[in-house]
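Just below is one structure, and these are the notes that go with it.
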Amino acid sequence: MGQIGGSLDAFIGAVHRRAAIFDHEIELVAGCFSQSPEKSKATGRALYLPDERVYDSFEQMILAEKERPEGDRIDFVSIVTPNHLHFPAAKMALENGFHVICDKPMTLNLQEAKDLVTIVEKTGLVFGLTHNYTGYPMVKEARDMVRNGKLGPIRKVVVEYPQGWLSKDEEHNDYKQAIWRTDPARSGAAGAMGDIGTHAENLAEYITGLKISELCADLSTFVPGRQLDDDGNVLLRFEGGAKGVLHASQISNGEENSLKIYVYGELGGLEWRQMEPNTLLYKTQESQRIIRPSVGDLSAAAKAHGRLPAGHPEGFFEAFANIYRNFAYAVRAHMEGRPADPLYDFPTVYDGVRGLAFIDTVIASSQNDSTKWTKFVE
Amino acid sequence: MGQIGGSLDAFIGAVHRRAAIFDHEIELVAGCFSQSPEKSKATGRALYLPDERVYDSFEQMILAEKERPEGDRIDFVSIVTPNHLHFPAAKMALENGFHVICDKPMTLNLQEAKDLVTIVEKTGLVFGLTHNYTGYPMVKEARDMVRNGKLGPIRKVVVEYPQGWLSKDEEHNDYKQAIWRTDPARSGAAGAMGDIGTHAENLAEYITGLKISELCADLSTFVPGRQLDDDGNVLLRFEGGAKGVLHASQISNGEENSLKIYVYGELGGLEWRQMEPNTLLYKTQESQRIIRPSVGDLSAAAKAHGRLPAGHPEGFFEAFANIYRNFAYAVRAHMEGRPADPLYDFPTVYDGVRGLAFIDTVIASSQNDSTKWTKFVE
Amino acid sequence: MGQIGGSLDAFIGAVHRRAAIFDHEIELVAGCFSQSPEKSKATGRALYLPDERVYDSFEQMILAEKERPEGDRIDFVSIVTPNHLHFPAAKMALENGFHVICDKPMTLNLQEAKDLVTIVEKTGLVFGLTHNYTGYPMVKEARDMVRNGKLGPIRKVVVEYPQGWLSKDEEHNDYKQAIWRTDPARSGAAGAMGDIGTHAENLAEYITGLKISELCADLSTFVPGRQLDDDGNVLLRFEGGAKGVLHASQISNGEENSLKIYVYGELGGLEWRQMEPNTLLYKTQESQRIIRPSVGDLSAAAKAHGRLPAGHPEGFFEAFANIYRNFAYAVRAHMEGRPADPLYDFPTVYDGVRGLAFIDTVIASSQNDSTKWTKFVE
Amino acid sequence: MGQIGGSLDAFIGAVHRRAAIFDHEIELVAGCFSQSPEKSKATGRALYLPDERVYDSFEQMILAEKERPEGDRIDFVSIVTPNHLHFPAAKMALENGFHVICDKPMTLNLQEAKDLVTIVEKTGLVFGLTHNYTGYPMVKEARDMVRNGKLGPIRKVVVEYPQGWLSKDEEHNDYKQAIWRTDPARSGAAGAMGDIGTHAENLAEYITGLKISELCADLSTFVPGRQLDDDGNVLLRFEGGAKGVLHASQISNGEENSLKIYVYGELGGLEWRQMEPNTLLYKTQESQRIIRPSVGDLSAAAKAHGRLPAGHPEGFFEAFANIYRNFAYAVRAHMEGRPADPLYDFPTVYDGVRGLAFIDTVIASSQNDSTKWTKFVE
């Protein structure tokens, strides 16, 4: 794997690297870690990479690696830059024969996302998107329970993603994570809704298997001088009649990273919280169960995404690693001409399109006070 | 006190009775517990009341008690009937000189609510409304913290009230609690939104001191054959610019009575859950505190509404009893010509009006797909 | 009911009063609330009792009430004084024909406890002991589950009762609750072990139905100048082979009133915590269940000791009220010559004896370093 | 790094491998993964190791690696076999110049442990022991708080380690993990007390900085036919006067891996639970705080052992990886002739001695009913 982005002072780049190597399926062998060649080199050295495989630009990396003998070059790139570089990097990698795994939101806007679908379909290469929260074993179990009718037809979904870290104008405090995330040129048209609202949307659709059909959004920018939304509240309607609520925020003061979801059906309900990810609650009128990794009879999906005996907590890195491992399995299957095993699923370019469509739709809805419901159109 | 409604097979009537006597301030001495004289008598006997003070109708009780010598008659009535009887009973009681404490929602509709304001103001008598969730010590503490600026200006409020007990059509299962609550003639124009949505609205406004200025609602009736909404999702906007989300549901399968509220301001956030009512979380970017009754330095309001040392859990009855005790204090102050002590507050006829206005507004909003925001008008 | 002890500045007296009247089965009609006649009168007036039934001493109350006509006198006394007065008050009440309900530990020492058994047996009157924690619905459910073999034969019991309120020498800070509890003349031979260790012992034996057969104790007094133990750790052995741990403390700094119990059997385990009393966990290797009042299929015992629908938390007062209500039922049965219904159980004089024997045994064990195991002898 | 033990069907071997590579400081380049050469080879291939560095025995690995040119051989061995092989493998590795990191308990018995101290001291090489629970950031914070006097002098420590996975005789169900752990020849003289009791002992001493001075133990074997203890309850006394309780169990049915610790001092108390490792509670009589990674002002130690922003849960692997990373830092310091940075601490050979001494002491105490307290002698 060759990484694009993720210099030493970034956050998510190091997560990707650790996730990639976690299951001994992937090796980091090349990288262009920064737009500054010096920073890129320094990062490479800290990772014990040979200088000759640490590049000054992603273009250089892609072209140089392509020239290396088969078996001695990268098989795929991992893109962990700010959002505006996702599309050009992914496009060039794919068009030069490299598989791609990319951070979310997938592109800067919906048009790029659709273009990327075309490229992926044309090249036939593997494309993975790190909506990492779907990698948790208990999320897999939740999806399996919905699929197997344990909840009956779904009536209501509540998905919440409050964070508080942007309660002040951190983007003017020289805080790198804040700066690019609040800059439309690098982040895209949405702030909180793009960065974490898309995770909430993805998680709700992933667990329920339902697609949002229309929505009504109220986005806000609470911190003076901020260019993008830092809070959003959304009413949801799903295909088939389920209703829901989604809210995401970077100004929910004191909240850490409190993604949670409640799904209610005719027969029962589920509750899952990212900050205690190894507990899934399943409740009906008659009983309340705590479902935990490695306890009792779990779905094949949950079992395939846990590594430890009961009571040994796996967390954020392990869920992230599940995405990478499954992507690696799919790359290997592609190399060997086999179909990938659907048990080892991961988010794809189509999830990416829905994320960008979600961003477009909530913004359109929020800007329009005369219409209540805005159709969710990809 | 003379009770109207609350026969043995009711739920809330017995709660009111226990709450009333809890602090030795109130005695139950008369009642008309049912529209069936037999049931009324049977209830009276079970409560060790003398037969002559158990009446066949509330009209009879009010008139007969009025004839008794001063000091030997009831001082106030407690109204715990289905909603459609609240107004006539309260009106007659007030007009005959009795103070009133009444269950919520206050009346069947907004017009009755406004008429009741007029009567209360004209008679000058004490009127209490049992929005009991505001009686919890930690809710008092939360309100005090907001008032004292611990959160800074409020930006966002999320208030959730999921229940699951009406996930099936219990109203056709001869389930008394379900039957009247889903009957517009007795419950009013709203189902879940009237029964519990008003609690959520009241709690949010009570803690924050902010009034909802406009909202956007999506009400649903999921159970076939049901006459009223059993679920509702609402976007909120408050005077002064705060935003919010309110949802309430009787079909959130597996949920018990899971009222919870999150309040976020520029300086910090609060979280409170009714099912674990003795814990209030106060979080900022720098620290997270658990606030508990009788631990450390609490507000005068919190202290005035708890009765036990730390770690001895008070619950639903005690919060309810706080409403009754404070009402009793106000009645006593009225009798003695003193102003009531604001430390011992309780919901009033004006809270009742806001509840009915909330019901009207969410219904109007939900029925109108062409307008996004509906003004909250009392 | 006539109360002995419990003036306005006491803690547990007011708990008893509220618990007594909670279910409309008991009326407070007389009392001797303090050894100071002035305080006693003031308390009586605050409770709206007529002066003539507020007495200067318990002896006076018992004799005067006995002279009143049948039907117009108290049926029983409630004893809520410091421990040293339990025995003389109970003895005199019983010997004058009054039933007795009494706070714990039952007497000042084991000899008094045994004498009390003799008196109760001789008079045939009803004697209740307020080991109130056995009044919680989920404790009833736990006991029922053990009885019905849901856990299989019990192997291990861990019962913990940490408090922190005596971490400093509050007894020298003019803190009434601390003063008598640390005074051997009023409290008895044990401090923490008497005040709360006995609750832990009682709870463990109540839920499991097993009796402690021998134990090994290490009691400590951490606060300089304190006369009694403020901490104790005990290894337990039960009849039949189960093992266990009991610890109780008043110097577990920061703990409120954190009684908790874990019971493990061949088939499964239970966990219950007093501070969140409406949740009982039942776990096996295969599944984990949350058991809650009014949710699903509960035992008759659990149902008989709850009053509210799911999610409406009952707490300390309600559990205490269960003891009083069940005691009242037994008194009524006694009056009517019927046997009491075992569904409505309450702790008796025999539980009291075990409590005092526990105190004696832990003290004997703690003082003896040459013997590991001390037999638990009543 | 060359690994000894840890074939594909083992549990802890894979944990060590993932922990080792987690921070890009260590590479797995050689191994002898099983006493079966076939299984060893198969494991090596699954890990993409070249066949020539997958060995048939640890002796072969150590000798062969020693012959490789400097820079192209392993720097240290990681020992993850059953306990009886720890000592011979560690001894041979050290005596041939390789640093060692080893699973716990360190050796089969106390004599081997002491011999290992001699070898480590003589060779001057780095020896790490994977008492992994000390690697959690919140454990580091707890230790720092105790050191900095936030709790005042420590009075009481309660450490609990209930598991339920051996509630049945899994060792006769062909369950590899159960078989060796219940076999004295491979596990040593203790069962539960050796496998997890030593973790509890280590954690208590690590956080408090206090050493156990004497103890009183009651060990049991509940499952018929089992050769070693599966449950133990222990009273503790620490140097300086603190008291405590330790219990550990493999038959606490339904428990997963529920290590928890409570520490109480004159000024406050701490609570930490391994299954929710990112929450540390700090409570005094005046306030209750939730301490979390990346929230507010933490100790340098806590910060040095976390990798993610607030609310992104790190778990078991990350704590384990902290041990490996710190060990790697120490190895590097050794290579460069620098002293290791004490901020990056890890358990050493001396902790291992205490673990074996603990095992010896609890067994001696449990077997002796005539003496209450057994001195803890290394």
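A, B, C and D are the chain letters, set down in written order, and residue numbers restart from 1 in every chain.
Everything below uses one rule, namely that contacts are C-beta pairs under 8 Å (C-beta built on N, C-alpha and C of every residue); 3 or more make two chains touch, one makes a residue touch a chain.
Quick caveat: nothing in here was measured; it's all calculated off a predicted structure.
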Over-half contact-pair match to A-D, picked out of the listed pairs A-B, B-C or B-D: B-C
Comparison of C-D and B-C by number of C-beta pairs in contact, larger one: C-D
CA centroid of subunit A to CA centroid of subunit C, Å: 55
Chain centre separation (subunit C, subunit D; CA means) in Å: 43
Rounded Å distance, subunit B centre to subunit C centre (Cα mean): 35
Junction residues of subunit C - those touching two or more other chains: 165, 255, 281, 285, 288, 292, 295
Of all residues in subunit B, those that touch subunit A in their complex: 151, 155-156, 158, 160, 162, 164-165, 167, 216, 218, 220, 222, 231, 233, 235-237, 243-245, 247, 249, 251-255, 262, 264-269, 281-285, 288, 368-373
Residue ranges of subunit B in contact with subunit C within the complex: 11, 14-15, 17-18, 21-24, 28, 46-48, 163, 165, 255-258, 274-278, 292, 294-295, 307-318
Complex contact set, residues of subunit C against subunit A: 281, 285-292, 295-297
